[in-house]
Each structure stands twice: as structure tokens, then as C-alpha cells.
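Two complexes come next, and they have one chain in common, chain A, joined by chain B in the first and chain C in the second.
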Partner chain A sequence: MSTSPTENEMQQPSLSVHGTGYHGWALWMRQTLAILQLELVKNFWGRRALLLYLIAALPVALVSMLSLLPPDADEMRELGRLSQVFAAIYGGLILRTLIFFGCAWVFMNLFRGEVVDRSLHYYFLSPVRREVLVVGKYLSGLIATIILFGSATAASMLILFYGLLPAEASAYFLSGIGARHLLTYVGVTILACIGYGAVFLIVGLFFRNPIVPALLLYGWEWLNFLLPPGLKKISVIHYLHSLVPVPLSEGPFAVLAEPTPAYLAVPSLFIFTGVIIFLAGLHIRRMEISYAGE
Partner chain B sequence: MAVYEQLYGAYEGVPQSALSRFLVIPRYALRDIFKSKLVTGMFLVCFVYPLIAAILVYLRHNVNAVAILQIDILELIPIDGSFFRTFMQIQGAFAFLLTVLVAPPLISRDLSNNALPLYLSRPLSRTEYVLGKGTVIAAVLSLVTWIPGLLIFFFQASLAGTGWLWRNYWIAGSIFLASAVWIVLLALIALAISAVVRWRVVASGAMLGIFFVPGAMAEIINNLFLTRYGSLVSLWATMNNVWAGLFFLFDRNSGSVQGTVTNPIYDKQLFNIILLEPPLWAAWAVVAAAGLICVWILSRRVRAYEVIK
Partner chain C sequence: MTTNLAAKAEAVSNGHAVLEPLPADRKIVFEGVSKFYGEVLGVNRVNLEVSPGITSLVGPNGSGKTTLMNLMAGLLRPTTGRISVLGVSPNEPELLFDHVGYCSQFDSFPRGATAREFVEFYLRVHGYSRQRTADMAHAALERVSMTEAADRKIAGFSKGMRQRVRLAQSIAHDPSVLILDEPLNGLDPMARAEIIGLFRRLADAGMHLIISSHILHEVDMMSDSVVLLHNGYIVAEGEVHGVRDEIGEHPIQILVRCDRPQALAARLFEHDHIVEARVHDDRGGLFVKTRRPDEFYLLLNTVIVEQNLAVESVGPVDDDLNAVYQYLITSEGGQH
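Up next is the complex of A and B:
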């Protein structure tokens, strides 16, 4: 006896909802995209996005000011030294502070913000696997931070070089190593968003008050230069520093350690992120919402 | 009794004096604050440095202890304005961390749960409400700043004698004033942020951001523009200058850097750039401006009702 197409279609939803077989993956992808779409609107147009825009605009404003009012020093007149100036701005301001706080803001709010808004139960009541929710929300945060901080990094570098040395900058970016440096900086920014995003996603999920762990993380990442080589590897900043095209001295008190090569640093960050997302997925399956006390 | 028979009955007890009404808020809020293990733990950590400072003061005056520990008396830190300025810097940092934990729920909970009309329908004005909430922060921060500072000051005075006290009596005033300025600023910023963002965690995050992000920004501006005026962007750096001024340790000349300039005559001419800290009045102006902005935000946000469009 042959099964009619109508009966087949009716069986599909049960397969999809339980996530077995091809249809499960297709459904999860669709649901991830739907969550992504919803969350992207919140990340870019929500009231909380204002602070993110402000953070991302800070380095651009700073280098614009530097281009308009350059200090009377050789650093601003030589291409080689200007790339060191940008490396200092990138390492000291963009990477260590702005991306860190920006990611903390976005990724901690993915779940904590929903709890505060008392809207997480809408997601939990809909027929979506919670792991799918984690992935969808994480990807939305990732896209928002990558777009904002990636653009801020690229814009800062271009404004600095073209603003101070327009003639040399054209040659530097179009036929020199400038384009490679620019892409590397943007790449490091993307990796920073991936790494810090995963850390703050899990912090936001596990801790009711994520401020203290965020503060401890900030201290750990800042004091990384003082840590012994073994401990340096238990941080995101160590791998990111290994990848920046113009390495800077970390000062006289820094404990020197071999930078991790790119072929190890990049996969390490991806593996770390994968493990964190997996843990977040495990945690959220048992998560119960309590809006009291928020 | 039927419902219609339950008429309004005026309060027949002894009314509280108008001046002390706002103290009802801290009385209940302080109980809540110390229910949190995290806050209690942090509060205890805040006393580690005052304990160390007290031991240093004691060691300086105890010949037997110095002999047993085989320490050269000259190697011990002198107990002067610089000692108490360092005390203020360390306790000020702890006070900030304590504020991040304690302050955000104070106003944000009332606003997010629409509880403000319940307060303001009683004989309590908006100013008294904010004053009451500020008193909670001031009380907690006082316990870790000027109170231990003055205790250490008088401990030193009791060991060093009246001569030392007469020479350094101004330090007591500086400890109190330095702490008071910091406490008022922290309380105003924390309450204003809580009133704006309305969510505890978000308010704590915003408070951290307000201090850390401009701090990094100030450092980069100072290094790029070979100046020290960038410090005006950072409230922490500005407060450090204010404290230095209060302890008579403020020196505008904060060092120099060697710059190189290539000009038509010399290939690479070296010159020294003297780095001048912004004047003290500018630091006070930044603190005052930050405080006034917070007061303005509070006056706009703390209302019994709001129109939502």
C-alpha cells in the first residue's frame, strides 16, 4: 500500500520538531535564521545599541581628531612609525577596551537582557530547541559586533593614514603591505568578537550578576603581560596579540613568551568557542526562568 | 464590616519630623544590601588595606616590633600626606567597586517595577527620595573611606604625639573632604545611571564602562598628543588630581618625553616636551560638571509618573 503525499507531509513536522534526520537540520537552520533576524533588529535598533554605537565611534573620533590636529612629532610624519602609532591605538584602546566592553555589553545582554525585560519565556515557550536559540542569539551578537568593530577598525586605520600621509598611504594600501595589515587587523577584530563573545555569552548565562566575573576577566586580560607563559595561554588576548601585524613592546615588567603561531592561535580560538557554545547549549537545556529580583 | 463603612482614617500616631523622613529609606535599604553574600564579602575585603595601613603605623612606633622583625626604621613608609593620599587612592578604588555592587538596584528596582508613586504618595518629596537613596551609598562608602582614614590618622597622632598632630592636623580635613567629594560623585553617577537604564545589571555594566573606557581613552590621548590634558576625559584620573590637590601634592609638571623633529636645518632634532597636568581648577570643574549633569538627569528621570509614547 503506497502512502499518499499528504500523509508524508503530515509526518514531516514531527520529524522536524524532534530534530532527527535531514529535516531536523533544515528546520534548525530556518529557526536559527528566524532568531537571527529578530535579534539583529534588537542589536542594531534597540535602545541598548546606542552605547555600542558610541563605543565603536570612539576610535574613529580619536583618529579623526589626530588627523586634524597632528602633534609636531616624527611619529606622525613617517609611515613606519605611524603604523606603530596605529598598533598602539589598536592594542591599547580598540582591542583591550572597546571590543572587550562592547562584546560584554552585547553578549551578556543576549540572555540576561531578556530576563531583565521579562521576555525570555516567549522564546522558551515556542517550539524551538534551546540549543538553536543559543546559536541564533550568539550569531546575531557576533554579526553585530563584527560589523561595528570591524568597520571601526578599518575606518580608524584608513582615516589615520590617509589623514596624515595621504600620498604615502595610497601606495601603502594599494601596492604595499598596508592592505594586508588592514585585513589582518580586521581579522583579529573578528576573532576577538568570536572569542570574547563566547566568553560573555556563557558569563551571561551562568551568573545572575555577571559584572563581577566581567571585572575579573578584564583584570586577567589586562594583567596578561605579567603572567608566566603557561598562564598567558588561558586568555583570549594572548592569541590575539600573537596575530597582530605590528607587535608592540608590553613594557619592562612584561614576562616574555613566544607568540602562538597563527596556525595554532586561530584554530584554538575556534575550538574554545565551540566548546563554550556546547557548554552554553547544555546549560540552557536545564535553565529555569526566575524573573524575581531583577 | 462592609466595604462602604471602611472610611479614610487619618494617621493618629506621632508624625516624624520632616527633616528625618528620608532616613526611612536607608534604614530598610541597608538591611537589604547586606543580605547579599557578594556585597558582604566585598565590604570585608575593603578593610584589608586599612588593616595593613594600621600595622604600618604601629610598626613605625613600636621599637620592639621593629627590632624583632629586623627592619630599618628609615625603610618604613613615612606617615604623611603622601601616605594618606595612597590610602585614599586604594580605598577610593574599593569604594568604586562597592558602589557598582550596591548602588544600581537602589533606584532601578523602583523605576522598573513602577514603585515610585508608592514612595511619592507619602509625605516624601523627590529630593528627599534621592537624598535617602544617596544616603545609603554614602553610609556604606563612608565606612570604607573617611572613617577608617580618620581612625588611622588619630591612631598615628596618638602614637606620634601632639607635635605631629599640630603639624599635620590638615590631613584629617583632607581625608574627609577627599572622601566626601568621591562619595558624592559616585552616588550621583550611580543613581543617575540607575535612573536612566532602569536595570540593575545593565546599570552596573554602564558604570564600569563610564570609568574604564574613558580611562583607556585618556591614556591614548595623552600618549598620542604628548599631553596630560587627556586625563580630563577620565573621572578617575581627574579625581586623582583633586586628591593630590587636597593633600598638597599636586604638581602640574608630571615629567617630560623626548620628541624628535626633522626640520630643514637638522635631520633629527631631539627636544624635550614637558608634560603638564591640567590645572587643578579644571579637575574641580570636571567633577562639578559631572555632578551637575547627574543631578539634572535625576531631576528629569525620578518622577512619580511618566508619559509613554
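Up next is the complex of A and C:
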């Protein structure tokens, strides 16, 4: 049965069919994959990648030096205490500083970097939902940081243990709890990239100069141990801290709070990330480009 | 247009989509559109309907041409008013840019990309397959005569070549509407003629081409209709045939940046429509005042070939242009 279009239908766009022939989820998946591929090339081979490689290489270089020139201390000769040493290196250097700033560098530049390079308009002039662009770019940052920092975490732990206690390390990793600890540290690293990635993605979207908010966030995350229990939960590090396999004392001034159990910490981070990505999608939908004053 | 239609036919045969033809009478409509940048006026109370063909937005720098184009493309949002491009709001890029191409003035490219890679990059983002992307990119580069340089890095290109690559990127998906912000900037006279020919062919095939330019002579050559902007307002719009009459005998001053301006001057003075030729203070260019710019551009092509001149850029001098615009705006014929 054929019907003639109403006046309203005639005024509606008949441009609903995409030139590729795909639509809906199939189209969004193709576009997300295309954006992901382009952005991965930039993340791994672009000029901004060099700093990321340096940041990721730092803990590996540090533990390599420790293994080659071990300090004359008991901590370096006993497996249990060595795991405390690694926990300190991981918590203080890798998690709180290197992953934090590595994610800041990658995720803030996903949009901010393109504005500075005056190339974001090419994406905005493509037939892509801007929310798809956010997802594609976020995933590209996530893959890059997870690969680099996940590898750096695993390599640092393996080099430290095998470098200083090669005989015990084999038993520790192959038949002891070492493998579980290693996987947990890598898992925490992945969650850190997910959480910090989302935070810095939106910081890069909202702020023309994102360095100041990044430093403020750094201060907030570092001083988390001094915050009252309620405020501790408004941070990424609180949930990550709850998940590390070897908990460390936060010092005599720390305000004690119950760690959030893993079954709450992990979903909380995912929900937090989802909310941030949703807000980024809302923001980018209204975003204008003029590059004036960049 | 053929490529896109073929793609759509292929999509139907694959069962991906049911196609609806685009009605030919769709227009680009601005209804009471204003844009303010804080306190600064971009455009004000613009009411405009653009039909298929070449429509030129003409006006001096700062008159609102780029603002109007960026509003049309959704890169900016109107402070007030409504815009519709073939029935689609610029707030829906996923629908809009399947049918719209925009060659902006932003002269930036992904670092290290070749011309082919650049065009392919953004076709992939549309969602096309690798093979289709490669075919479409090649066809687009061919249309702007860039196939020979397609696999060279854009960083080593001249301004004119970069302009052509951007143009290829904007037409690669066979849009129905093409928005071009100063598309002839940086092109040498031969390339200008070639690209104007391409625009004409696209317009004759039923496309909307919205072109901003401050080169009145070129507007006159290629446009079907003209929108004259001044200080953010549309001061005149209509058929193009009046522009040349309005300019009348008002001489236009053009700056030719080249390696041997004296040689060029000597050759130009043989022609009576050249009112004045003066070497630039830095001795790297020649100011030419002419009553008949179209004849001058043809002559320039000949002289470039004869004397093997290396020409960096050719364009009207802004101060002089402003005087012409002022003349057009205030003269009786320049009004609505």
C-alpha cells in the first residue's frame, strides 16, 4: 500500500541514510574503529608519544638500576620485604605519579592537542556523532596507556624480583602468590588508566589550559591520606589503593578509613568513568571551534 | 556524484539500507541568525535562502563570511535564529556531513601525512571500507590534479598544493553541498582557472556551492548569485551579473608576489588597461592597478609562461578592496 507523504514528512530530512550504507550501531562501530586506528597511530608514533615512552620507561630504568647496584639493605635480600619495596615503588612512583601524569598527557591531548594543532575541525566536519568521537578517542588513549603502563608495571616487578632474588623469584612467580600479585598490580594499573583517563579527557575538553587543574588534581590525590573518610571517596586513588595486593602504611598523619572492597571499588570506578564519558559527550555536542587565541 | 550514487546502489543491493532520493528543491536556509562572540558581532539578523548553484559570500575581512560558513557547518552555534541545510540542522553532524563538504581556511594537517593518507584518513572516519576509501580518495585527488603528488608528504607542499589537498578532502565523499572558505587563496592563475572550472562543473551537476571570496573579479567569473556582507550584515544579495557593472571602471589594485617584478612590470605596461605598476618596497612583488582584472589575469598567465616567472601569490590589496566594497555598498545598484 502506498501513501503520499504528509507535509510534515516532506519537511523532514530524507538524509537519514548514510553514504556508507551502514547505520545505527553498525555504523558507529565502524566509525569508532576508524577513529581508534587513527588515534592509536598518533598516540604511539606522534611527536607527543616520546614523553609517554619516557614516563613509562622511568620505573623500569629505576628498578634495573636497583637490580644492578643493589643497596646494602635487608629489604633487598628477603622476599617478603622486597614485595614491600615494590609496593612502595608502585604506590608512590608508578601509580600516584607516572600513571597519573602519563594519563594526563595522553588524555588531555586527545582534544586539547587537536585544538592546539588546529586539526579538530576535520573530525567535526565528518558525518560522525560527536559522542562516537569521544568514545573512539578515549579507547585509543586507554589502549595506549594500558599497553605502556601495564608493561612497565609488569616489567618493573619482574626485573626487581629476578634481579635481586633470582632463585626465590622463580618459586614466587611460578608457584607462589607472586603471579597473583603481578596480575593484581597490572589490573590496578588498567583501572588507573580507565579512571584517570576519563578525568583527564574531560579536563582537556573543559579547560583551555589544563595544566593547572591537572596539578590541583594531583595535589588532591596525593593528600588523599589526610582527608576525612567521606572525602577520600571523591578520588580515584582511594579505590585503587583499596585494590593493591600489598597495602602500605600511609604514615602517622593519615586519617584511617576502611578500604573499599574490590566488589565495590571496581564497579564504582566503571560507573564513575561512564558518567564522565557521558558528560564529555554532552559537552562536545555543544562545542564550538574557532581556534581563536590558541 | 556518480561515485556516491554507485555506493548507495551497492548498499541497497547488500541489504544495508533503503534509499530515498534527495528532493532537488531543498535549500540552505538562515532564519534570523545572529552570532555574537561575547560583545563582538559576528553576523546579525541574517535571513537567507541559498539555492543550488554557486553562491558567493563577498565582503572585506571581518565582514562575517567565515562566521556564516562556520554556522552553516555547525562549527559555531548561532546566538539566535535557526539554520537548516537541505532540511538538516547543523547540530546533527552525523546526518549533515554525509551530504556536506567544507573546505575551511584552517591550513593544518596531521603531522607527517601524505596527501593520499590525509584524504583517506577522514573517509575512513565516515565508515567506508579500505578499498572504497582508496578509490574515493584517488578520484578526489584526480579531480584537483594532485595524483602525481598524492604520495608525497603534505609538509613539503606549497600553499596552493595544500589548498588543493583540502579541497580534495572536502569533495571526496561526493557531497551535495560544498562550502568553500577562500578556496582560491594561494593558487596560481592557471590553477585558479582549473579549480573554477571544477566548481562550475559541480554546480552544473546540481550541487550547492557556497564560496567565500574577497576577489570580486573571480566572484564575477564563477558565481550564479552573490551575497554581499559588511560588518556582519547582509547588505545586498542577488544575481551576479550586476557586480561587474557596479564595479564599473573602478580600478582594482592587485599584488603579484614573484621573483622578477621589474620584468613583469615592463611587460604589463604594453597594455592600456594597466593603470599603474609599482614594485613592492621589498622588491619581491609588484602592485598592479587595472581597470579590467579578468584581462589582467589572462595576461599574467601568458607572461608567467613566456618569462618563466616564479609566482608565489596573486591577490587584490585589501585596502583597495575595502574601497571597492564601500563603493558597492553605498552605490545605488549595490542595494537590495
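Criterion: the second predicted complex is superposed on the first by the 271 of 294 C-alpha atoms of A that agree within 3 Å, B and C clash if a C-alpha of one lies under 4 Å from a C-alpha of the other, contacts with A are read in each partner's own complex, and residues count from 1 in each chain.
The rule we apply is simple: contacts are C-beta pairs under 8 Å (C-beta built on N, C-alpha and C of every residue); 3 or more make two chains touch, one makes a residue touch a chain.
Please read all numbers here as calculations on a predicted model, not as lab measurements.
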item	value
Partner chain(s) touched by A:P245 [first = chain B, second = chain C, both, neither]	neither
Touched partner set for A:N209, first chain B, second chain C, both or neither	first
Partner chain in contact with A:Q37 - chain B first, chain C second, else both or neither	second
Chain A residues touched - chain C or chain B, whichever exceeds	C
First (chain B), second (chain C), both or neither touched by A:G163	neither
First (chain B), second (chain C), both or neither touched by A:F124	second
Contacts of A:T97 with chain B and chain C, given as first, second, both or neither	first
Which of chain B and chain C A:W105 touches, first, second, both or neither	first
Chain A partner contacts - residues on chain C that touch it in the complex	4, 7-8, 10-12, 14, 16-23, 37, 70, 73-77, 86-88, 91, 93-99, 101-102, 104, 106, 108-111, 121-122, 124-128, 169-170, 173-174
In the complex, chain B residues that touch chain A	38, 97, 100-101, 112, 199-202, 204-206, 208-209, 212-213, 216-217, 219-221, 223-226, 259-262, 268
In the complex with chain C, residue positions of chain A that touch it	10-23, 27, 30-31, 34-35, 37-38, 42, 46-47, 117-119, 121-130, 132, 285-286, 288-292
Touching residues (chain side chain A, partner chain B) in the complex	48, 51, 55, 58, 62, 66, 69, 71-74, 77, 85, 88-89, 92-93, 96-98, 101, 104-105, 108-109, 112-113, 116, 209-212, 214-215, 218, 294
